[in-house]
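In the two complexes that follow, subunit A is the common piece, with subunit B as its partner first and subunit C second.
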Partner chain A sequence: MPIDALTQGLVFGILVGALYGLAAVGLSLVFGVMRVLNVAHGELLMIGGYASFWFFSLYGIDPFVSLAATIPTLFVIGIVLHRGLFVHVTKLREEDRIKNSLLMGFGLALILDNLAIRLWTADERSITTVYSGAAASLMGVSLPYVRVGSLLFALVAILALHLFLTRTYIGRSIRATAEDWEAAAIVGINVDRTYLLAFAIGTALAGAAGALVSVGYSINPGIGLEWTLKALIVIVLAGMGSVGGTLAGGLLLGAVESVSVYFIGGAYREVVGLVMFLLVLLLRPKGLFGN
Partner chain B sequence: MLECEGIDVFYDDLQALWGVSLSVEAGEIVALIGSNGAGKTTILRTIAGLSKPAKGDIKFDGVSLSKKPAYDIVDLGIALVPEGRKLFGSMTVLENLELGAFTGRARGEKNATMKWVYEVFPLLEERRNQTAVTLSGGQQQMLAIGRALMSQPKLLLLDEPSLGLAPLVVQMIFDVIEQINQRGVSVLLVEQNAHAALERAARAYVVENGRVVGHDTGQNMLRHEHVKSAYLGGV
Partner chain C sequence: MSFNRKLLATAALIVILAILPLVVGRDDIINLMFMMFLSVTLAQSWNILGGYAGQVNLGHAAFFGVGTLVARYLWFSGTPIYVAMLVAGLVAVIFALIIGMPTFRLRGAYFAIGTLGVAETVRITVGNVLPIVTALPSNFIVNYDLNLRYYAALVLAVLTVLVTYWLVNSRTGLGIVAVREDEDAGEASGVSALKHKLIALAVSSFFAGVAGGLFAFYHVSYYYQFPFAPNWTFDALMITYIGGVGTLIGPVVGAFFYVTVREWLAVSIVDAHLFVFGAIFICVVLLLPGGLVEAWTKMQRVRLLSRLLRPTPPVKSVVKGRGEQT
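The block that comes next holds the complex of A and B.
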């Protein structure tokens, strides 16, 4: 019986870990390409969650279906935020971008947090569909449909991103810009437009993750910081440079968190991730899967 | 075909170029020589659009470049082989070459250009699936030149292509530069190896402290007293 609880915990950990991975992939893309650390990434995820919630509450659109609208909505929000804010950071030298983007991101996070409270109250929200409570059972382990669906969607999204970045000309121009923006510029890549695209894609990925959080779990205006932290931990665990590595980092964080709950109790769940974060920074600063 | 007309260039508050004027005619090899920190790299970066002149203008086939972004300048037909090569290290040789043909004009003729690049550098074809970081210095320089050629330049800007390479490889790189030039590509060549550059250059400019201080044919430069003592090791 206790072993079953461990297995069940591990499965839940992996299911939520896929969302950690999806949240981190967007942040990692923006950081890798623009050298901009957007600490309001979790707020963008929160907005994606509300978009999905309202699509469901107001129009009754299934959260998995409304991803087709949530993702483009957040893509456009990403364009607006880049044009209005983050583009100014990209005009700075690379060394100065991180600290300036931190300040800008904190400001933006505060604004978005408060705006969300004003608009939507501080209530905890979550999407309850007809199939929300349903679960498959595999050898005594419960597999809730919504969370399994979320995991599958996260896998598909991350695979699609990987193929886009490696197989298409535009995707390669994004990777080229991430490696060396001056080299990108001299082969004819429009670096500013590439930054805009990367930021919009990063925002859209955050939005997708948020939508999945609102159906498998719950959202409120304050979840931003928590998700930014999760994404940062995953990036440090996984290292930069590979989309697949980031996904693996997310799954690992989810698994370790839930196993820790089994052994040392739920009170330390959040601490475990931070301890891993510090250990990896100390022992293997390039990350477990970084190159 | 290329005219720099009295350009001043700054890095933040620090002025690096003062009133630099120079020209490259169609089909020419032109050399820029000068000691460390003279401003040679800055001249090439400014032509390529990575730095912007605060004063003066750059014209290419009559078109002003000074307000154009780097990606437009490549499309107009100027390719830079930068100092330190700046390859996409984690990408393969093939991916680097394909990115070289990123602009609209070059992309359509990518395969034909690549055939030519492989003729010039057969080794790149052999190594096409290797990542750029795993190449030797000479091979990386070949790739940097090959990537620039993929944009189908009319003018090739080369920043110290022989730096840090073994003598045999240096010889090969210079041969290739002549070969490329014979195909009608004009060349603006920055070299520490002034002797080799002047031997091949129709004309040359001497750059000192951010200014052009001398200009003559390559052959005359080789006999010039100041050039000999300052840049040709006194011989």
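The block that comes next holds the complex of A and C.
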């Protein structure tokens, strides 16, 4: 019996790990391309969660269907945030970019947190669909449909991003800018527009992750910092700026967390991830899956 | 202002603040001033590392929190409070160096996100291990003297500013600023980046720890986890930037502005102060990187310029007068 509980925990860990990967991949893209560390990434995720929640409770739209509206909404928010705020940071030299974007992201996080409390109250919100409680069973392990659906969506989204970055012309121009923006500018890439696109895609991905969090788990205005930390942990595990490694990092974090719950209890769930993060930061700062 | 006039103004301000509790009999004002002094200490200690050494520390609350734990424990076990505060500062330094030594070897965002991670780890662990309220024993409450806390806070704030002044004007301080401006150039001219960052971190965390001790001395009861909350870091960071990062007077001006405006907002619009300060903070980062101090210098310059450009009547009359005489 105890082994079954461990297996079940591990499966739940992998299911949530896919969301960690999805939450981190947007932040990783923005950091890799722009050298901008947006610590308000978790707040963008929170807004995506609320968008999905309101689509469901006001218009009754299924959260997986409303992704088609949530993602473009967050994409537009990303454009606005880039044009209004982060574009000013990208004009600085690299070390100042990181520092100023950190500071700005932190100010933005404060504003979005408090705005969300004002607009939507501090209540814990969650979407309950007709199939929310249902689960498939595989060899005695329960697989809730909602979480499996989230895992599949996360896999597809990360794969799509990977293909976009490697197979399309625009995707390649984004990678070229990430490698060396000055060289990219010389060969005729519009660096500013590339930054805008990368930031908007990053925001949209955060929004998608948030929508899935609101249906499989729950959201409130204060979850931003927690999810930013999750994303940072995953990025550090994966190696900064690596898209493929991000998914692996997310799954690893989810699995380690759930196994730790089994052995040392739920109270230290967050701590285990953070300790792993600090150890990797100290011993292997390039990340577990980086070159 | 010349150096002597600045010195005189500072001394006058300190004397006024020292007399204040004797003149003002209202506890609420004394409590507000206490918060201001605590904010000056926390912000200035953040400024030493974040402003002068240029290392963004997102885990300042951890040093502050460690200070509260150590001081509270020692004080309750019979150690005199001022000794307990001193030890709290030293323990915070040891704690900080353990984090700083590995992360300072890496450039860029590593120190910032590393400190954020450490602070959250410590906060959650303290919340798990000590999920309770710490309260002063009854014999401590009977002898509670608010004015004593007020003077302790005032002395600590003045001391923090003085030590910062002394540090940044020393040879070491010049090295710290050199490392901020250009690490490679600094290293090339024999300034060890790691050493200077660690010195700044040590001084910074020492005062954060002592400030924690002051917090433990001041509050009757609180959750052990409370001083570890990220707000303490964010407050220190925002005060420093709003006032003027990397300047001596910035955190002082910022603390006055922050605490006063927060109090005013709390009275007029309930619980919106973080929203307002978030907006102010972004404006400062984007438009006014020198904060209120820079705004003041700019205003002075504009006033001086407009005075020079304005055709002034007295000059005319003098010219006329001369003309009449000849």
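Throughout what follows, the second predicted complex is superposed on the first by the 290 of 291 C-alpha atoms of A that agree within 3 Å, B and C clash if a C-alpha of one lies under 4 Å from a C-alpha of the other, contacts with A are read in each partner's own complex, and residues count from 1 in each chain.
Assume contacts are C-beta pairs under 8 Å (C-beta built on N, C-alpha and C of every residue); 3 or more make two chains touch, one makes a residue touch a chain.
Since the model is a prediction, treat every value here as computed from it, not as a measurement.
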{"item": "Touched partner set for A:K91, first subunit B, second subunit C, both or neither", "value": "neither"}
{"item": "Subunit B versus subunit C as contact partner of A:L115, first or second or both or neither", "value": "second"}
{"item": "Touched partner set for A:K286, first subunit B, second subunit C, both or neither", "value": "neither"}
{"item": "Which superposed partner A:G188 touches (first subunit B, second subunit C, both, neither)", "value": "first"}
{"item": "Partner chain in contact with A:R83 - subunit B first, subunit C second, else both or neither", "value": "neither"}
{"item": "Of subunit B and subunit C, the chain that contacts the larger number of subunit A residues", "value": "C"}
{"item": "Partner chain(s) touched by A:L102 [first = subunit B, second = subunit C, both, neither]", "value": "second"}
{"item": "Subunit C-contacting residues of subunit A that also contact subunit B", "value": "none"}
{"item": "Subunit A-facing residues of subunit B, complex", "value": "48-50, 69-71, 74-75, 79-80, 82, 86-91, 95, 98-100, 102-103, 106-107, 147, 150-151"}
{"item": "Residue ranges of subunit A in contact with subunit C within the complex", "value": "37, 39, 85, 88, 94-95, 98-100, 102-104, 106-111, 113-115, 118, 225, 229, 232-233, 236, 267-268, 270-271, 274-275, 277-278, 281-282, 285"}
{"item": "Footprint of subunit B on subunit A - complex, ascending", "value": "169, 172-173, 175-176, 179-180, 182-191, 241, 291"}
{"item": "Subunit C residues touching subunit A - in the complex, by the definition given at the top", "value": "54, 56, 58, 102-103, 106-110, 112-114, 116-118, 120-121, 124-125, 128, 230, 234, 237-238, 241, 272, 274-275, 277-279, 281-282, 285-286"}
